[in-house]
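Heads up, the next two complexes both have chain A, just with different partners, chain B and then chain C.
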Partner chain A sequence: MQLLATLGRVVVRLVVVLLIVTFVTFGMLKLLPGDPIATLRPVSTEEQRDEIREELGLNDPFLVQYGNWLRDFFTGDFGRYYDSGESVNAKLEKSLPVSLQLMGYSIALALLIAIPLGVITAYRSGTRFDRGANAAAFGLLALPNFVLGLLLATYLGARWQILPTQGYEEFGADPVEHFRFMVLPVVALAVAQIAVYMRLLRSDMIATLQENFVTTAKAKGVSPRRVLFRHALRPSSLTLLTVAGLNMGTLIGGAIVIEVIFALPGMGRNIYEAILTSQYVALQSFVAIIAVAYVLINALIDILYAVLDPRIRRA
Partner chain B sequence: MPDRPSRGWYRARQKVGPEPGSGMFRTRQPPADTEEPPVDTPEAPADAQEPAATMEKPLDPAEQIHESFLETGAEAEGLTVDVAAIEAGSEGLGKRKRLPIAAWLAVGWVVLIVGLAVFAPWLPFVKNPNAIQDNGGLRLASPSIDAWLGGDANSRDVFARMVWGARASLMIGVGSIIFAFIVGGVLGIIGGFVKGRVGEAIAGLLDVMLAFPALLLALYFVSILGRDIWKIAFALGIVATPAIARIARASTIAWADRDFVLAARAQGARAPRIVVREILPNVLPAMYSIALLAMAITIVAEAALAQLGVGVIPPTSSWGNIILQARTHLAAAPWLMLAPSVAIFLTVLSLNYLGDVIRARLDVRESAL
Partner chain C sequence: MSAMALVVAACSSSDDGDNGDGAGGNTGESADATTGGEVTYAVEGDTLNFCLPTAQLAISGIVISMGVYDTLVAQSADGEIVPFLAESVERNDDATSYTFNLREGIEFHNGEPFNAEAVVMNLNAYRGAVVAPDVQDGEPYPSTLFKYIFNANTEGLAQVDLEPENNLGIDTVEAIDEYTVEVTMHEPWADFESLLYGTGRIGMLAPEQLRAGAGEGGGCATTMIGTGPFRHANAPEVREPRLERNENYWREDSEGRQLPYLDAVQFRIQPDTNQRVNGIEGGQFNLTHLSGGEEINQAISLSDAGSAYTYVQEPGFREMGYLLINNGKPPFDNENARRAVFLAGNRDQITQLRNDGIFTVSSGLYDASVGGHLELDDDGLPDDTDRDAALEEARQAAAAYEDETGSPLSFEALTTNATGNTQTLELLRENLAEAGIDMSISAPVLQSEIINRAVGGALGTGLEDAPEAFLWRNHPGGNCSAQYVWFLSGSPVNFAIIDDPEVDRLYLEARQTLDDDERNELCREVNLYMNEHVFSMWTWWVDWTIATDTSVNGVWGPPLPDGSPPPNNMSGVHRLDGIWLSS
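Here is the complex of A and B:
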């Protein structure tokens, strides 16, 4: 029952936030200085421009325009590129999987490394290993992902020619090549996350390890490894989930830059190209799609969180 | 403390925990990542606490954790913390006053780049960043005695461009954070202090601002507004505002219920006076700390925007567009990329570290009172 109430609240809030987010995305474009038609058709007579304005609905009141755009957006029509007439949807279908792969791989890699590291540093807290790992994490947090990516690209790519740095191969076409292309971008994106997750899990685990049930488990003679990974990790991982969710925003931002640097044909690359070529309709759609996805992910995590921890439902 | 409950005594009980962070600003500070073990954040059901918890019902788990953290920090620790802190204060004060060497190094680096950036036009060893050196002979030259960091693809002196780039990067970093500090501080403190509709409206506004991935919003802003330095600073400032506002708000909420505020009210102080004299001095430390972290992030964000083609417009240099230019010559001239990378790394490292030091020290000062 409480879960349902939480769910209801989350959904109401979600709808409001989605409306505002799309409104801001749509409205900001209207702040664009200059006549959009001049960008669209640099050489045109006044009559032609009027015609285009009428066609695009630019003469309608602002709210009507927003309503129409919103309807199109939520029915899955994201508009077209000005010149080529290519639909944004087609572009989206090609690029979204690439971005999802990039982010998915990097989260997986980050957790794969951060969880054992966090658990071990908590278990051995105060030792030289722990301090070393913490100092390293602090340092890695100061290394922006695109700087790391460029360093990797310079040495592993350009100088020693070990891995390709520009381009993408589909998994279906050639799995080996696919991963060869993905290694550098994924590592670049994962490193900062490793530092965040490790530090977080460590401080959480240190608290959990002082709980009575851990002492009980130890007293029963449960092996340290089992205590750490079976007993202590689970209660400590709740915060990890939240932060993984909060981190999505950073991850999305990071993925945009990384895609541009490594020439991966993902959403970030689309945005970059749209800005470069003043394709504002497409830019608007891409920004709105990512913002909406981000809002949805956060809502999902809120719900997941309530499912996992019953105490939160009451709040 | 039977007869003289000074304000300091109440302060001693307060521990302002780090905000879990938010948006682009979320990663830097995992919740409860401080020296002392966190105060069992998941164990504290928000509504089992003092009335402050029921006053508003955050849905956001991050906020929830943070607030329950504040509450447990303030309440559950109680007197035991006081005694410990006061004892530590009388004995350990002299020891704690010394800054670690690393902090001096960090301060030194920040002073160095700020000094270079501010005095760039008058320093004799900083060449004209836009002049072609040696009639094009410095093109992609490696570092030497004449050109300390080598030359770029247009035969310009990279060291000069780095120094002038620091000007742009720091102007954006500092400018955006000053904006965010003032706007976010005012929003946060009002949002935390004024209850009812205004407070809720501000909280909602902050929530919505955080509903965009930060870099995406900055990118969108700049691509629409234009790429002048002050416009980039403005865009990043807007993006940084909710992060600082949330810290200010959470901190204000924690302080507003303390007894010394009640005492001030009882003596007839009006709201503005309470905010300025009682709340603000206590909220500022947490804001300074987050402002340094946020400044590090905006400096990185400027460089990231440059990679996306919406950075500072050349020929004006910034660390971001030096990296952008270096990207085409990675194999031939890796030092082109290394100079700004190292500069950004050291700056971010220093600011992060100083942010941590400030937080730790201000907590110490408060608990030692």
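Here is the complex of A and C:
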């Protein structure tokens, strides 16, 4: 019953967010300067462009255009590119997995490094190690991911030829090559996250380590490692989880830039190309998909709270 | 900056290994050429539409197009137009009729025969005269730019259909027999073949591709079917197409070996110039093209270290980067304003700083090997060699402008989000400020928007909205009179909105002049005239560069069918059929 209620809330939230985000985005796209037909036919008369606009429904009233798009979206038709007629669905089928891989690997790498670091720096708060790690975190936070990406590509890729500078290989075709191509973009995207997550976890851990139950565990002779990772980590992870979910937006934005730099055929690159060529329908669909993903991920995080903290489960 | 090159001509160097700065490999034909292998070619931008009669290809698209399509004629490294798909071309005495004798036995990639019927269909599509049932929906092809070029109406694009009596260009296109096509003109057209080549943009499409429809969503845009050395293997993908060897290609090398040598060419888009060079160094790309000084220097460093080859275009047929100004409205409809901006802008400094010392200041429209070329010390441009004197003269011109109009000289320059463009304009703004000229820089806009607004200005339908100035890259060399497309009154691409009877007269006369020397002299006159009236701020010659890894050979390939040297780095464009890989 409770699960149904939760699911119901998620669905309602999803629909509301989707409507708001897509309506606002649609409106903002229409306000952007530039004409998609001018991109298709830059050297053309106004009469020719009007004819094409009419064919594509771009002369219809705003609400009609939005309504048509919304109807198609909910029936699984994400629209077509103006120039080639290629369906957005077909494009997404190929590109979404690439972006999901990039973001998934980035989050995984970030957490894999940030969690132990956060725990250790909290445990050794005030030491040289802690100060050094924090300084490094601030430094990495200040470095834009595209700068880091270019540096990695230039040195690790071009100069020293340790890893490819750019490109993509499907996992199914060659897993080793797949990961070789993904290392640099994943690192470029993950680094700033590592810094954020490490700092957050450290703060929460420091507070948690002051709690009575931790003191009790220590008094009972529980090893420091078990105290840290078995007892203190879980209740300290809620903020980390919340921020990880909220950070999806930043991650997606970063993925767009990283995909272009590293020539990854992901959704981010589709978005970049759609912006350059004023592909309103495609852009609208991409934004909607991102909104859906965002809501779903944060819903999943809500569920994970209950897993992590039994008190929330009981409440 | 954008290069909508219609006519691009060759670099003057075509010898093996001779490529200007940096080291090079075998560039031409070689007995050591081996068959097989695949290359990855990184291009700077994507192309959405390969329905050539309606497409407006930039360099990236032209490179791809030259892999899939052949043209009736081609341009050699010497700048000459020679037969290619046509075995021979005959012109009557007054250039009002051209007869193309086509090569026999050639097929399109889909098996359709290349013959007179196919050529007629293509030429009619380019000039906007296709009728049912040649097109799926029976509509004429909306070929705007080429419609203007091939019909050449003296009153402009819109009048091509409305006032056909003012059309100077193609009158009829007729198949005389299975392999002979006759094209007649309303008026003599001496440089018709130059425009018929159009940098490889006037490729011959298979009837199937043309019939697939040029309308939105039509297959013509995304399914490339030509007679070229490579087939489009992954249609409808056109952004990063994969081209695979055409096993039935009609060309062979001098030793009778079938061309092309390569099994495949995979194109990749990489707009970041550093990453294109990194890709060559790191082995992800085999070839790329570069047009900015900084990345060219980066590539040259690689080739000096022995890890790449670079082929820098040498003086001869280069295109130009410049500040295009709108002569059709204030402030630049006033010659004092144009003169002031030209003199205040420090072209030397801009060229050196923005292009890492690679490029050189240009003297006008035509490079060293193009008819009509002017030397720097005799180019008719306002003298900006002495910076202090130039600034003083600029101030005087600006003051004269203010006296005449009652307003101080100020204007807005549009820019895209390309970092280099913004930096160039910022430098120019500083220069102009020294003369008291106020130049603002717009927020970045899409390149397509700039072009769209410029077209509106050129057509006269949107003069108010047309940009006052923007950075532009264009006018690669070839037949000098072919540049009329960009400067004739009424042309949809006369972005500088030069509405000058003398320019029109000179270009129209050059267009009809059969004698090369006389034509070149007319071009020289129009070049000088435009310089003296400062119709634009010509800034630098663009030394396009092809960079490859050290396994790539034959980037220019074997001679053209008539024995002429093949085009070699024609502003980034070259043939693909002669490329081969060494181990």
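Heads up, the rule we're going with is that the second predicted complex is superposed on the first by the 250 of 315 C-alpha atoms of A that agree within 3 Å, B and C clash if a C-alpha of one lies under 4 Å from a C-alpha of the other, contacts with A are read in each partner's own complex, and residues count from 1 in each chain.
Everything below uses one rule, namely that a residue touches a chain if its C-beta (ideal position, glycine included) is under 8 Å from a C-beta of that chain, and two chains touch if they have at least 3 such contacts.
This one's a predicted model, so the numbers in the text were calculated from it and none came from an experiment.
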Chain B versus chain C as contact partner of A:Glu55, first or second or both or neither: second
First (chain B), second (chain C), both or neither touched by A:Leu276: both
Partner chain in contact with A:Val260 - chain B first, chain C second, else both or neither: both
First (chain B), second (chain C), both or neither touched by A:Glu86: second
Chain B or chain C, by number of chain A residues touched: B
First (chain B), second (chain C), both or neither touched by A:Gly249: first
Touching partner for A:Pro164 - first (chain B), second (chain C), both, neither: second
Touched partner set for A:Leu141, first chain B, second chain C, both or neither: first
Contacts of A:Gly76 with chain B and chain C, given as first, second, both or neither: neither
Touching partner for A:Ala153 - first (chain B), second (chain C), both, neither: both
Residues of chain A contacting chain B in one complex and chain C in the other: 33, 150, 153-154, 157-159, 260-261, 276
Chain A residues touching chain C - in the complex, by the definition given at the top: 33-35, 38-46, 48, 52, 55-56, 80-86, 150, 153-154, 157-159, 161, 164-167, 260-263, 265, 273, 276-278
Contact set on chain C toward chain A in their complex: 46, 48-49, 54, 56, 142, 144-145, 157-158, 215-218, 221-222, 236, 238-240, 268-272, 274-275, 277-279, 281-284, 445-446, 448-449, 451-452, 455-456, 459, 461-462, 492-493
In the complex with chain B, residue positions of chain A that touch it: 6, 9-10, 13, 17, 20-21, 24-25, 28-29, 31-33, 138-139, 141-144, 146-147, 150-151, 153-155, 157-159, 192-193, 196, 199-200, 203-204, 206-207, 210, 235, 238-239, 242-243, 246-250, 252-254, 256-257, 260-261, 268, 271-272, 275-276, 283, 287, 290-291, 294-295, 298, 301-302, 305, 309, 311-312, 314-315
Chain B to chain A touching residues, read off their complex: 20-24, 26-28, 30-34, 37-38, 40-42, 45-47, 53, 57-62, 64-65, 207-208, 211-216, 219-221, 223-226, 296, 300, 303-304, 307-310, 323, 326-327, 330-331, 334, 337, 341, 344-346, 348-349, 352-353
